[in-house]
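Both complexes below contain subunit A, partnered by subunit B and then by subunit C.
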Partner chain A sequence: MSAQRIMWLYILTGLAILVLMMLLGITMRMEQAGWLSYDATAFYSLLTLHGVGMLTAVALAGLGTLWYLVSRETVLDARIAYLAYAFFIAGVLCVIASVLGHFGALWTMLYPLPFVEASWPGWATGTYLIGNLLVMIGFTLWCVQILAALLQRYGISGMLGVEYIFRGRTFEAAGRRPPPPQMFAALIVSIDGFLASIAGMAIVIALIVRWADASVELDPLWAKNLTYFFGHSFANLTMYMAVAGVYVGLPLCTKREYHTSRPLVIAWWGTLTFVIFAYFHHLYMDFVQPQGVQFVGEIASYLAAIPVVVVTVYGGVLLVHRSGMRWSMGAMFLYAGMIGWVVGGTGAVLDATIPFNFDLHNTLWVPAHFHTYLLEGVVAFTLGWAFVNLEQRSGAVSPSLIRWVTGTCIFGGGALFLLSFYLAGSSGVPRRVAIEPPPGPAIAAVASIGAIVVLIGLLICLAEGVRLARLPRKETA
Partner chain B sequence: MAEGAIVFVIFVSVAAAAVTLMLLLANAGARKPLPQSTVTARGYAVRRWWFATVLVVAVAAFAATIPRLPYPRADELRSSPHFTVVAQQYSFVLPATVPVNTAIVFDVTSRDVNHGFGIYDPAGHVVGQVQAMPDYVNHLPMRFERPGHYTVRCLEFCGVAHAAMQGAFEVR
Partner chain C sequence: MNGRAMIAGVIGVLTLLFALAPLYRGEVELPTAEHHLLHAAIVTGAALSGVLAWNPAFARTSRLAPLWLLIAICAPILAMFLMWPSEYAFLDRHPGGHAIEHLGLVGLGFVTGYSGQRYAAGIGWATGAALLIMSLLAPLGYGVSPPPAAIAALPTAAPAAEEPASPSDAGRGAALYKQSCASCHGTSGEGGLGPSLKNERSRKDIEQTARWIRNPAPPMPKLFPATLTEKDVREVSAFVQKL
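Here is the complex of A and B:
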């Protein structure tokens, strides 16, 4: 029960922050459409909060899911989960405080902008940096705890599936089984997450030192590399956190098994490697980077897609195909999340193609693909996992009308919202601007409508979740 | 057709195909369930081909990008005329004109924070960009085949007046 409580604490906090950040996002799109008017300082402060808040929200939900699933296979200390949670919340509160002080260097806080821009006070910069550090400490704590638990339970070669792959017959003849798929998701999130956090803390601590002592100088290119290594990896890993819910939830919906196979283990090895190196695509337009590194960025970005479309999503589709699955809310969101992952991934791979990036870099194409990935992928998986749990607990499913309405709002409204981003990006409209050049404002108006429809769908969905949660627990034989 | 429009068409086509295929696979024969072992056996047989196809497309796409990389070659840096671009909050120091149908190199840097040097052609399409970084000079090779008025926009967030940071030059 304690593990479930922790899972719900993380998921519900994540969803609450998500709704608030969506509201901020909608006001910003409406401002770009010319429907609302606030000054640029406020716009960039809100954009900063929106970026950090949204990533923290989806990460919290995914980390809660993974923590619970790992706790079913290993021994985890709940106090560390609560401590990590406290760091996350303290970090978010610091970021909110910095935004009240008009800090607006965005989540990227590219050196030396936080110290050059004169529109916010020094304390706001320091509070923002400390807030980021607290979130990173919380994430590191989580990663170390999960890694230690997996090591204790399976050993190094066992948790990586090495014996299963290279000495398969002996391994199976001895009656041994590899870890279940969700353990590989936990492993990769904790290893890559730990590495990314080290990079993130290195740059944030360097920036804090620079904040305390103005005579300290950093190398802008190194600062950019460390910032994107953390930022890209953290954002990317939120998907691998949430996908654990698919490995466990979809079999419950289909009454089939999603077991660990050799392709799945090898796919996760690939993901472990490619996620680390994909971030170089953020620096394609920094021509002073060594050209070999740019190639690594493109290759890693392409190869990161292969485990997704050949193993995880492919396996998920096979699980559903001709299973006779009943389309509950949980099943709908889990399956739709896989579609969102593929669609967002397509936009990402196109953007990671260097000649295309030459035109698309820092246009609205970038938020187009990651909003698809996060909203229609990670958030859909989170909702799917939450609903599967509620359905299993109560033995009830939602009326089909509710499913149709929420599905139409979240995916139909989402399509309108996201296609607007893609269209504007391909038309060269820059991202991160309070006032967009044409055709940006007209497209932002359409996007605003789409985003409002999504929010309505999400609120209906959350109300339905509360209704299911209040039903009595299903009697078990 | 502008390159951005081509990418948009590719994206919409692939995304529509993926959505359609995944919805069809979820709903086809839904009322006639099959044992998981049957579906898995068929699926695994197809997966080898699917893996091979995805890998071939990835390798081909990577190979196709190599001749179209925007990075400067040593001979371009040596033989082309260079034009200095300096970015600073919230303006660009730019050449007034650059020659048409000539290989040139922009030497781009920044006096303060990170900026983006994004070039928009007279029709408003992005035709190239590079980051303008403090302490570094990025060399951007370009060749303009169309004369006219080119707009420059900052494509890296650089502060509160970022949206207004623009410049322009003529290609003659």
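Here is the complex of A and C:
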């Protein structure tokens, strides 16, 4: 029960932050459409909070899911989960405080932006940086605990599935089985998350020192590399946190098992190895970056994402095929999340391709792909996993009208919202600006309507979740 | 005393002797990056000693497990703070203070490795590696000015004057080109980060060139109207036609 309570604490906190951040996002799109009017300083502060808040929200939900799934296989210490949670919340509160102080250097806090010509007080910069450090400490606590637990349960080669791949026959003849698929997701998140946190803490400490002592100079290229090493990896890992729910949730819906297969293990190795190098694609236009690194960025972006998407989605589709699965809310979100993952991933791969990147990277194409990835992928997986749990617990499913309405709002409204981003991006509308050149404002108006529809769908969905949670627990034999 | 503890002791003593070097070397003057590297060596030795000092015979589970983990994660953070680059010049001139700072690094390095192992066997290696990586990242840019090559490659676009100061339009177009375009397209239009503009007139007439400057496709920066006025655009376009 304790493990379930921790999972729900993380998921519900994540969803609450998500709704608040969606509200902020809608006001920003409405401002770009010309429907609302506030000054640019407020816009950039809200954009900063929106970015950090959204990533923290989806990460919290994913970490809660993974924590519960790992705790089913091995022993975890609940106190560390609560300690990590406390660091996350303290960090979020610091970020909110900094935004109240009008900090607006965006969530990427690229050096020297937090310090030059700032229209916010110095304390806001410091509070923002300390908030980030607290979130990173919380994330590192989580990663190290999971890593230690997996090491104790499987050993290094066992948790990587090395014997299963290289000595498969003797391995299986001995009646042994590789770890279940969700453990690979947990492993990749904990190892790569730990590495990303090291880089993240290094740059945040350097920025805090720079904030306290203006005589300390940092190399901007070094700072950008470390910032994106952490930022891109962390954002990417939120998907791998959420996808663990698919490996367990979809089998509950289809009443079939999602086996660990050799292609799946090898695909996860690809992600483990390459996800930390994929961030180089954020620096294609930094011409002082060594050229070889740029090609590594392109190749790593493909190898980190494509194999695991293909294998997981193919496995998921086969699981559903002719299974007679009942299309409950949980099943709908898990299945649709796979489509969102593929579409958002394709947008990401296009952006990671050097010739496209030169045209697209500073445009709304980039928020288009990561909003697809996060909203229709990570959030859909999170909702799917939450609903599968609620449906299993209560033995009830939602009325089909509710399912149709929420599905239409979240995916139909989402399509309107996201296609607006893609269209604006391909038209060259720049990103991260309070006032967009034409055709940005007209497209932002359509996007605002789409986003409002998504929010309505999400609120109906949450209300339905509360209803299911209040039903009596299903009696089990 | 077992072999593991002996190795830990030897590494610890060697690290301590190395860390106290300022006391017998006196005043020194080290570049920041080199100073960071020497600190990396100190924390690595100390963390290694901390990992080996842990006795595997100890109980595997501890009621204080969350605390050990928190210490193992926070110690590297404190060590990074101790590597405050602007203090290096002061510490170089004050060997006593320098040695105390190094003792702090030794302590934090040891605690990183030991606490990690106390939390769970094997984790001390991971937290020690984290400290090593952070301290090796420092020489690459923490307190280090950007390399001259990086500065030279930065675009040098600067706001153009509203009214011409040069004797002729052609001359002013050249000046504007040098100011706003040459960093990417080369001083004579031979190309560089941006494409060559040699014989541009065969691809675009003056109107098309001006239109392109007003509304370029990424990655070319849009300088009109914030930096270049309509008049500036016409003059630069005229100059580009002559390349």
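Definition applied: the second predicted complex is superposed on the first by the 474 of 477 C-alpha atoms of A that agree within 3 Å, B and C clash if a C-alpha of one lies under 4 Å from a C-alpha of the other, contacts with A are read in each partner's own complex, and residues count from 1 in each chain.
Criterion: a contact is a pair of C-beta atoms (placed from the backbone, for glycine too) under 8 Å apart; a residue touches a chain by one contact, two chains touch by 3 or more.
Predicted model only: the values in this text are computed from it and were never measured.
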Following the overlay on subunit A, give me a clash-or-fit verdict for subunit B and subunit C. clash
Where does A:Ala40 make contact in the superposed view: on subunit B (first), on subunit C (second), on both, or on neither? first
Which chain, subunit B or subunit C, is in touch with more residues of subunit A? B
On the A-aligned overlay, A:Arg322 touches which partner chain: subunit B = first, subunit C = second, or both, or neither? first
On the A-aligned overlay, A:Asp359 touches which partner chain: subunit B = first, subunit C = second, or both, or neither? both
For A:Leu18, select first, second, both or neither according to whether it touches subunit B, subunit C, the two together, or no partner. neither
Contacts of A:Leu221 with subunit B and subunit C, given as first, second, both or neither: both
Just to be sure I read the superposition right, which of the two partners does A:Ser426 touch: subunit B = first, subunit C = second, or both, or neither? first
Which partner chains sit in contact with A:Ala148 here, subunit B, subunit C, both or neither? Use first/second/both/neither. second
Contact-wise, after the overlay, does A:Met54 reach subunit B, subunit C, both or neither (first, second, both, neither)? neither
Go through the superposed model and pick first if A:Leu303 touches only subunit B, second if only subunit C, both, or neither. first
Among the options 1-9, 55-63 or 145-153, identify the stretch of subunit B whose C-alpha atoms clash with subunit C after superposing on A. 145-153
Of all the subunit A residues, which ones make contact with subunit B and with subunit C? 219-221, 285, 287-288, 358-363, 428
List the residues on subunit B that touch subunit A in their complex, please. 3-5, 7-8, 10-12, 14-15, 18-19, 22-23, 25-26, 28-34, 36, 39-40, 43, 47, 50-51, 54-55, 58, 61-62, 65, 68-72, 89, 112-114, 116, 118, 120, 124-131, 133-140, 153-164
Once bound in the complex, which stretches of subunit A touch subunit C? 77, 79-80, 83, 133, 137, 140-141, 144-145, 147-148, 151-152, 194, 198-199, 201-202, 205-206, 208-209, 213, 215-223, 226, 285, 287-288, 358-363, 428
Interface with subunit B, subunit A side, in the complex: residues 40-41, 44, 104-106, 108, 110, 112-113, 116-117, 119, 219-221, 224, 256-257, 263, 285-288, 291, 294, 298-299, 302-303, 305-306, 309-310, 314, 317-325, 335, 338-339, 342-343, 346-347, 350, 353-356, 358-363, 365, 422-423, 425-428, 430, 432-438
Mind listing the subunit C positions that touch subunit A in their complex? 65-66, 69-70, 72-74, 76-77, 80-81, 84-86, 119-123, 126-127, 130, 133-134, 137-138, 140-147, 149-150, 153, 193, 217-219
